[in-house]
Amino acid sequence: MAKKQYAFYPGCSSQKGASAANFLTSLQVMTQKLDIQLNEIPDWNCCGASIGYGEGGELPRLVINARNLAIAEKELPGQDMVSGCPACWLATRETHERLAEHSSLLAETNEALREAGLNLNNTVRARHMTEVLIEDIGWEGMKAPVIKPLEGLKIAGYVGCQTNRPFGIAGESFENPKYLDKMIETVGADAVKYDQKVTCCGGALAFSEPEKSQKQIRDIVESAYDSGADMIVTPCQLCQANVEIYQSEINKKQGTKFSMPVVYYTQLMSIAYGGSAAEAGLNGQLIKADKLEKIAGK
Amino acid sequence: MSDLNTQAVARYKNNFLKEVEERVEDGHWVKMCMQCGVCAGSCPLGPAWQHSPQKIFMMIRAGKREEVLSSDSMWMCTSCYNCIVRCPRKLPITHIMHGLANYAHRLDMAPKGQPTREIARLFWNNLVKTGRVNELKFSLAMYFKDGVVQGVKNAMAMQGIGLGLMKAKRLNPMEIVGGHTCKGKADIQKIVAKAREIEDRRRGLA
Amino acid sequence: MAEMKTAAYICTGCGIGDVLDVKGLEGAAKKDGKMAEVKTHAFLCNAEGVQLIKDDIANNGVTHVCIAACSRRAKTEAFNFPGIAISRANLREGVIWIVAQGADHDEIRQEMAEDYVRMGCAEVKKMVVPGGNVKESSSKRILVVGGGMSGMTAALAAADAGYEVVLVEKAGQLGGFARNLLKRVPFSGPYAEPQATGVEEMAAKIGANPRIKLHLNSTVAETAGAPGRFAVKVAQESGAISEELVGAIVQATGFTPYDVNKLTELGGGQANVVDQAGLEAMAKAANGGAIKRADGKEVKSVVFVQCAGQRGSGGNGNGQHLDYCSGHCCATSIKQAMYFKDANPDVDTVVMYSDLRVPGMGEDFYRSAQQKGVIFTKGKVTKVAGGLSGEMRCKVDFKDLILDEDTSVDADLVVLATGQVPNAGVNLDEWTSVVTLADGGDEAAKAKTVEMKKGSVLKLEYRQGPDMPQFKYGFADSHFICFPYETRRTGIYAAGPVRRPMDMLQAQEDATGAALKAIQAVENVEKGRAAHPRAGDLSFPKARLEGCTQCKRCTVECPFGAIDEDEKRFPKFNEERCRRCGTCMGACPVRVISFENYSVDTVGSQLKAVNVPDQFEEKPRILLLACENDAYPALDMAGIQRLSYSAYVRAIPVRCLGSVNTIWITDALYSGYDGVMMMGCKKCDDYQCHFVKGSELASYRMSKIGDTLKQMGLEEERVITHEVAITDHERVAKLINDYTAQIQEIGLSPMKF
């Protein structure tokens, strides 16, 4: 079967030396095993993330996303745009939908894009990597390459916000999405039930409102512990960073003894598909995912 | 009062709802709120807000312009979108909150030194400058936003995490002298400037 | 009439033959039941089994059949033999499904089954197949009182169904309250704009309909008779009287807005403070243009105060006015706010509410108003000052319930959304107390009855009074839980806001329902059958007047006013008004009232047919009289769910606890039963009794049974009454088991022989 090709939008946090660099590492193993070819969008720019609104306003925010869409439309014709980062996906999809709905906004956007010699017909569909796995590869397809099932691992699937709301994965409920649990089970691990599956980690407010965010993070980690989870898995770069990084802060301030590894679904798949710990980017963990490394070393 | 604010007050007199409808992103939805309070109960930072979205909408209808625009409530939004998906009236509440925050910021009515307002500004500037966000510069700027002394304190407090991230190759100290940029950063600056010009014109802010 | 020939048929299907000794059952039917024929079949409800019975009826002259099989509620279509008396011994739901499994229960299970066979045989022998109450002539015309939206709808619905209609309207033209509206709330999609009321079109249709006879400027001067033969005098304003013979009546007399002048705290009576009806008049005068106040000034700002004097202190009332919500006012204010916005979008329109109630598609209408810029403020109004000096503006003080602050707003006009007060006529409770005084010779009271009767709508010649009963807020009667269109006056149906507060669309639906009920009544009456809820029942009460002591209990207690008194003060049954509940039979101390197929004897013979073990056997017997509407189905359901309850109980279904005659209780106790349980429906304010008062009356009668028990030397726990709902299958099993345990605790009855 021919490789599936996508216009790839990695996003700032996945760049080399950035906070989600290990996500990109594991993504490469996973896509290779699943015969997915990701073609990076030339000279892509930042999406504005969840905090871009404050200074950016509406149209500037839309045009920076429209620039990525316009480049993809021109340089990688016919390919869906795929992002690994929920914030990038959300911003791009929102742009695509708003411009599709309001022709006046599309006209204004193109007026601005002309400054850079670009034009957008708004034909590119913006998708998230998990959508591609579920809809294009399918559950059987995801299971096929598993050679080291993650047997015995108990994992809390932490969906968080932005792959889930406001768009979500087709067919899933906002209050209790199941796709991540299903992914965990597809690679042979057990998905534990816990009640903070879609709780917000605080997002960008981890910086500006550390106490409030850390309360959220504490709830999430505590609930994962209560359910007997060995680790948390997430599809979101910001969730991963917040929930992993701040555990030491919370321990320091509140006397907890949190040491809950937080990994990406791509890392689970990379290991299950036979990748090494390094290929799965496990060396990028602040809190080592020992049980996963052990399976990788088998 | 900023010039923009003086001009807005003169233009809309007491009709703050109309001002919001014309000038705030998705502001025309405010009148459709039915005051059920589901948004207030769904917000992860609910307890931290001065005014819930429900109250903000009511205040807009009641013409409480000063109170709304100077509120720190909109700046508590984590963009979790819980309110959007639960609103029975399908109001795009997250976007309205973002729009109100942005408008208050443009009029310089938003609370001075509000931390989220500050990082939003830093983030955007960082983005427009290079086309991509440089996490190290962004973080340092964040720590030093309250001055050098506080900045050193903040940075020291987070030193352990920073070193951990560097070790895990998830924070690159070399980014301070360069780092990721877009080749088309000049283009980006041009299109952003143009977009703002168009939007300001449309909203009567130019 | 042919000679009685009895037969019992025992079904051994559904496991009956597996756990019961069929020979024993046959013996009980033959020896104790004295059945001429006793036959057993493995599958009695199948075609072959049914044919067996049919053949016996056709060829062997069988007239009385006892079917010992499943519950009387099951297989009713299979076991339906016209002209034949049928009793059912409930061996399936009532015995094998509820008695605990296992050989150690074999004996008591068999005893129970044989008792039910004996009871079924005893009952059927006392039954006579009722022939109905067919009168020579019966009118199928329908009288509609009130020519507003509800009345016009009912008249057209009945006429369209082919019935002659007499429509009486007190005003000079049709339309009622709706005639004074500029527009109405939309009835059809997209539910975004007010619509034309449609009054003119309906009035024209009525004028053109040959089946509808219209009396304008008219009221009802007298209603005598009963369903199928109501003799109604219609009085014109001029005083001229015409007589109409009708079969059923729909009362659609609507509502009057609560007097706005009483709402002084909300500015009622002050300049530029109007009610919704007042606003309609202003809007009609403006006819789509700018709405102007009485002083000619164009209204540029308006505040609607919702729940004005309504919902007690929960709305914008202080508990001094109406306690209830009138249902339509939120949507009406939204519509009226649109009058302003549609004429001039710059008019400030604020709707002040505490809870906006716009059920159904009203939500779309609400959204449409929001789109038009109507401001909705959640607030409780504390004071309205109208017609303030200078510009004669109004000031509305209110507590903002979202922002939690006391504040105020100014407006050119304030509209108070007041409630609906039903035009239901005379309050019967008040009537009864005045009549009692008048009967005692009080002259003032006599004068007052004349005065009160002037305010009556129907002027019924019923001993209970001139109108139908009212509920606590004065709305006309309705069996609001089970049969909302039925009233306690058979053949008379209330529709529209006179029945409960409602909007125009609901009133139309209500009127259609009432018209159908009226049709059901005239059709059943014509065939000599009960109208409802025992629709089609051919039995009716018969009294042996020679034994009557003229105690009047039956006439007083009949919940439906079916029994008048004749000149000699004997009860006079108006069978067409009767619901066949048997409350009169339960009330009669000398037991002269009975139905052909349900009587003191049909039940009495059953309870006496039970084999009561002597005191040395230590097996108690408990009689259970269960209302057939809720309690008996709940017992069946307990069986279907395979819950178990004590096999010491013997259940007899009754039409209503109101039909329980105390003789049954004393007979049972004298026969050596150890306890008597009664299960009926919820009584009093939130009653679920099909016959409204039956369970309440039973409860009252049983409260007096203590003396009888004392005379007999028995403990008062030996008679117990429970309220049971149809969904209470788990509870009925528990109640029986608990009571059995309690009886065993007290000890067996000393009355055993």
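Labels A, B and C are assigned to the chains in the order they are written; within every chain, residues are numbered from 1.
Convention: a residue touches a chain if its C-beta (ideal position, glycine included) is under 8 Å from a C-beta of that chain, and two chains touch if they have at least 3 such contacts.
Source: prediction; values computed, not measured.
At the centre of the protein atoms shown, by the Cα-centroid criterion, sits C. Using the mean of the Cα atoms as each chain's centre, the chain most removed from chain A is C.
Once the centre of each chain is set as its mean CA position, chain A and chain C turn out to be 61 Å apart. Centres computed as Cα averages put chain A at a distance of 23 Å from chain B. Within chain B, no positions touching two or more other chains are listed. Multi-chain contact residues of chain C (touching two or more other chains) are absent.
Residue ranges of chain A in contact with chain B, taken from their complex: 12-13, 15-22, 43-46, 48-60, 62-64, 67, 108-109, 111-118, 161-162, 165-166, 168, 174, 199-200, 202-205, 207-209, 212-213, 216, 245-246, 248-249, 283-286. Residues of chain C touching chain B in their complex: 356, 366-367, 370-371, 373, 375-378, 400, 402-403, 407.
Chain B makes touch with chain A in their complex at residues 25, 44-45, 48, 75-76, 78-82, 84-86, 94, 98-99, 101-102, 105-106, 115-121, 123-125, 127, 131-133, 135, 139, 142, 160-161, 164-165, 168-172, 174-175, 179-180, 182-184, 187-188, 190-196, 198-199, 202.
On chain B, the positions that touch chain C within their shared complex are 17, 31-32, 34-35, 54-55, 58-59, 61-62, 89.
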